[in-house]
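In the two complexes that follow, subunit A is the common piece, with subunit B as its partner first and subunit C second.
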Partner chain A sequence: MKEKIKLMIVDDSVIIRQAIHKHLKEFNIEVVGNAEDGKVALEVFKKTRPDVVTLDITMPELDGLTVLEEMLKIDESVKVMVVTALSDKSTGLKAIKLGAKSFLPKPFTPEKLRSSFERLID
Partner chain B sequence: MNETDLHFFIDSTVNYFEEVTNEKATAGIPYIKDSEPVVLEYTGIIGISGKRKGSIYVTSTEEMLRTIAKLILGIEEVERGEIKDLVGEIANTISGNVRQAYGSDFMISVPVVVEGKARDIKLPNNIQSFVIPITWRDFKIFLVVCLE
Partner chain C sequence: MKSPSNDKYYSLFNQIADPIFIFDTENCRILDCNQAVTRIYGYKRDEICRMTFFDLHPASEQTRVKKAIKIVNKDIPFTFTHYKKSGVKLIVEILSNRIEYEGKQATVSIVRDVSDRVKIEKELERRATQFSLLYQIGQKVSSELDLGNLLQTIVVNIRDTFDYYGVMLLSLDSEKQTLSLQSIAGAYARIFPVNLTIKVGEGMIGQAALTQQTQLCYDTTLNPNYVKKAGEITRSELSVPIMKGEVVIGVLDFQSDLVNAFDESDVTAAETLSSQIAGAILNARLYEQAQKEIEERLKAEAELIKSRNSLRAAKRRTDNILENVAEGFFLLDNKFRISLEHSAALRDILEIKEPAQQHLPAVLQSMSADESTENIVDFLELMFKPTIEEETLTELNPLTEINVKIRKENELITKDKVLSFKFQRIFNDNEIIGLIATVVDISEKVRLARKLVESEEQAKLQMEWFMGILHVEPPLLKEFIDSANYELDQIETTFRTDRQELDLTEVLDSIYRSVHMIKGNASLLDLKFFANRAHAFEEKIEEVKKRETTSAKDFIPLVMQLNEMRKNIGEITKMIERISRIHTHFRPKRIYENQLLLNSLKNLIKSLSQDLNKQVTFEHQDFDPDQLPYEYRLLVKDLMVQMVRNSMSHGIESMAERKKRKKPVVGRIEIKNFSENGYFCFTYKDDGRGLHLKKLRETAENSGKWDKHEIAGWTDQQLAELIYQSGFSTFQKADLTAGRGVGMDIIKKKISSHQGQLMMNFDEGKFLEFTVKLPVNEN
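What follows is the complex of A and B.
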């Protein structure tokens, strides 16, 4: 059996964290960590070393783009999907330029989330 | 603020409901906020800085938030914490999405959530505030936009 994909979900909204977990359950995932702010996200990331991270941008303590850069310094192989309400093109381009593998604007439907995730792990 | 600005916010709000609930919401006619409080049971407030300055808030009843939270999570029972969280997330998403129109100089804060309908939210009194009533199913929420 294939190894489970270790997923970490970072968002300051508990509803969004729960929704992402619920909608991605059909994939072979194990949620190894959750975080509600950027600082906690980096601590959890160092401890759990996930394969994939869904990452919000507007968060307390540290914003998601800073967190993205720091995560990639720790592990350049991590696949990060930025999931944010900042849906303008320049934010998307900035995230990709910094090393995110995928950019999903909020609000998202379960279908959009699943298809972005599928492309990400492919 | 002008009519075009109001349309950005209306479109962003209507789109939120359509994407999240798969049901249409309709916007009523916006009006300038007078001294009457526009505050329901839960309010999510976003501060705006950068090219535009001011604040935006979304105010809703508990029942409406509970209904949407149940739809998002596909469960029958949601907790009060999740309801509070949702109103902040709605305000965050609506505000973040208007960056498509204003660009990345439109900076948004993390949401602050206020519980209780007894008092109004303080807004800068040197800037006009617009109230946009939104109807979804039989529920009504208000989006209040106060921007330089």
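What follows is the complex of A and C.
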């Protein structure tokens, strides 16, 4: 069996975090970290070194784009899926430009999440 | 010979190089000649002087000579043939003149031996002919480009032109050192095998190839090189190598059946031919090669044309598509420039005359697009990065719905448009070389979507009203609507009244009172919408009231408020109507079935009337099919059908009988319904003959079922009820027309099985009426 994909979920909403975890269970994942704000996210990231991060852009403390930049500085191979409101394409584009590998617009369906995640880890 | 005049003349006469004859004109006897004659002709002078001039000529020329002697030709020589003493033929030109010689008429003829000259001339002529022929052959040969045909053309032409006995052309295989026959013409064509080969060095031909020198054999019997082939009668032969530069490529060979058939001129001609042939062969080979090349080239060209055509067709198709699609369709290069290839629709959508080569973000910026150029450029840049997933980017396309303002040339007003762009990557060897972009004008779609949202909001509002209305008791709601309409009418009347006659403050107060009334009622019934609406109306009135001076203009907003309220009341009335319609529509099946009941009864009466030649009206105004409980619809239908059948067949008399009995000719069937203590009731009545009691009594007596005395004690009602007896009507078929028994037993049973009641009322000769009561199940 292949090694589990280490996943970290960053979102200020516990509902979203749980939803992401629940809907990605079918993949060979292990949630190594959760974070509800940018500051915590970076700390957890340094400790756990996940393979994949789902990252909410609009968060308290440290904004998502900065977090993304910092994460990539620490580990440029990390695959970051940016989760943000569909209307905020500008932020999405900035995130992709910075090096995020995927973009998931909110609100999302479980299918959408899974297919985006599948492409990301592919 | 003695000179009669002087020696000087005679010595001259003798020194002249050309022979001179003097002969008697009359008999042609030679009188004298000079020394040249003896030297050239070989005759001695005295021999000559015993001869006539004719003796010098062949016999064939005698006539011509005689003629010639008669005329003097001192300027133009005649050509004749003379024979020397040795018999050698001389070609001579003779000039003549008359002289007197020793008192006789004599002719002096100066003869010039032209044999050599003629010979040379003939040779020259032959050569000229040869060359002209060679030229002709050359022409033919060089125009014949197929090598096989060429060689045959050469030999046939040479043979025909020079009248050689045989001509052969052989080619040299330098590896095998053999010469093989390529073409042959003349006598040996049938003798020599087609695959004739000669070794280099063998015979005349082999020698020619080996030495690269022309081989001439005047007499084959004397030439050691000559090799005789079977059937050959060659006496002389000429073999000429065909050279291509320094290399022998073949041999041209001429044979003759005569000794000494070939001379130097033949050699020259043959060598000329040979070089021409070499050239021709070369040409032919080049031609062959060229031919192949041309063929290949043609093939290639055909392919090219084909592919060009298909390319062209593809382009045409593309152009066609690009001309006709409604979408703006274009390619975007990595500088984000619009390609030359784009659909015609693009011009209309962007309203740009020439979009090609324009920078898309700049174009959008010029249209004041509601998306930052930075975002657009970011997005397009990412689209060109193969490492970033296209699907993710599609999600981030900022141009899926972009508002632009389009300003046409020389126009100040701008037009708002909503455009939607889609992009797709074009790959070439894993490299993104461009984007296929489509743009559609979605203004209308967006407009409709907004309209939809608006109408959804409207629907939501109506839903709120609806919910508000639902919780109000219907009578109260009706009262509210009626009172609101009344108050609104009051306000309208006030508005319509000539204001000159009224104090404006009073008018406003009166309106205010009406509106306040509506507001109060609405609040009481918790119709918030109306309460709010009325409140807004009140405020408008307050505003007008506060003004120091009021004019008609100030009433406009009030009139508008009034109209709005009217509209709302109208809407709520419509909604109530709609709700009641919904209410009825929720029982569509029943209504349908019940209508069907009346229709089928009508049809039944109509068809039986025709069959039985009776006229019957069907009265059903007092029968409401909607009140017929659903569970009884089939039963009631069955009962009524049976009753109608009975009425039509037996109850209602024929028109004639009715007339006789002074009844209306047109019969009548009437149904009514009513409800009574939890029963659905209906009556069925016809104005026929009713029951024939006497007949019933007789039938009962004849049946043998009952005692005569018993029957005698029966009341009319009891008699009548006989029709419910099972089999009563059937075992007495003769009485069927008089009795009313058809199926009545069944009817009675059916009603009983539903715990219903069946009652009968009749007046003999006047009517028969059934009343059916069916219990209604409250559940």
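Keep in mind that, in the parts below, the second predicted complex is superposed on the first by the 120 of 122 C-alpha atoms of A that agree within 3 Å, B and C clash if a C-alpha of one lies under 4 Å from a C-alpha of the other, contacts with A are read in each partner's own complex, and residues count from 1 in each chain.
Convention: a residue touches a chain if its C-beta (ideal position, glycine included) is under 8 Å from a C-beta of that chain, and two chains touch if they have at least 3 such contacts.
The structure displayed is predicted, hence computed values, not measured ones.
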| item | value |
| --- | --- |
| Partner chain in contact with A:Val80 - subunit B first, subunit C second, else both or neither | neither |
| Which of subunit B and subunit C A:Arg119 touches, first, second, both or neither | second |
| Touched partner set for A:Val10, first subunit B, second subunit C, both or neither | neither |
| Which superposed partner A:Met59 touches (first subunit B, second subunit C, both, neither) | first |
| Touched partner set for A:Ser90, first subunit B, second subunit C, both or neither | both |
| Comparing the two partners subunit B and subunit C, which touches a greater set of residues in subunit A | B |
| First (subunit B), second (subunit C), both or neither touched by A:Lys22 | first |
| Which superposed partner A:Ala41 touches (first subunit B, second subunit C, both, neither) | neither |
| First, second, both or neither for A:Leu68, with subunit B first and subunit C second | neither |
| Touching partner for A:Phe103 - first (subunit B), second (subunit C), both, neither | second |
| Those residues of subunit A which subunit B touches in one complex and subunit C touches in the other | 86, 89-90, 94, 105 |
| Sites on subunit A touched by subunit C in the complex | 86, 89-90, 92-94, 96-97, 101-103, 105, 116, 119 |
| In the complex with subunit B, residue positions of subunit A that touch it | 12-16, 18-19, 22, 58-60, 84-91, 94, 105-109 |
| Subunit A-touching residues of subunit B, taken from the complex the two chains share | 15-16, 19-20, 22, 69, 72-74, 81-82, 85-86, 88-89, 92-97, 99-100, 103-104, 108-110 |
| In the complex with subunit A, residue positions of subunit C that touch it | 372, 375, 378-379, 381-382, 388-389, 391-393, 395-398 |
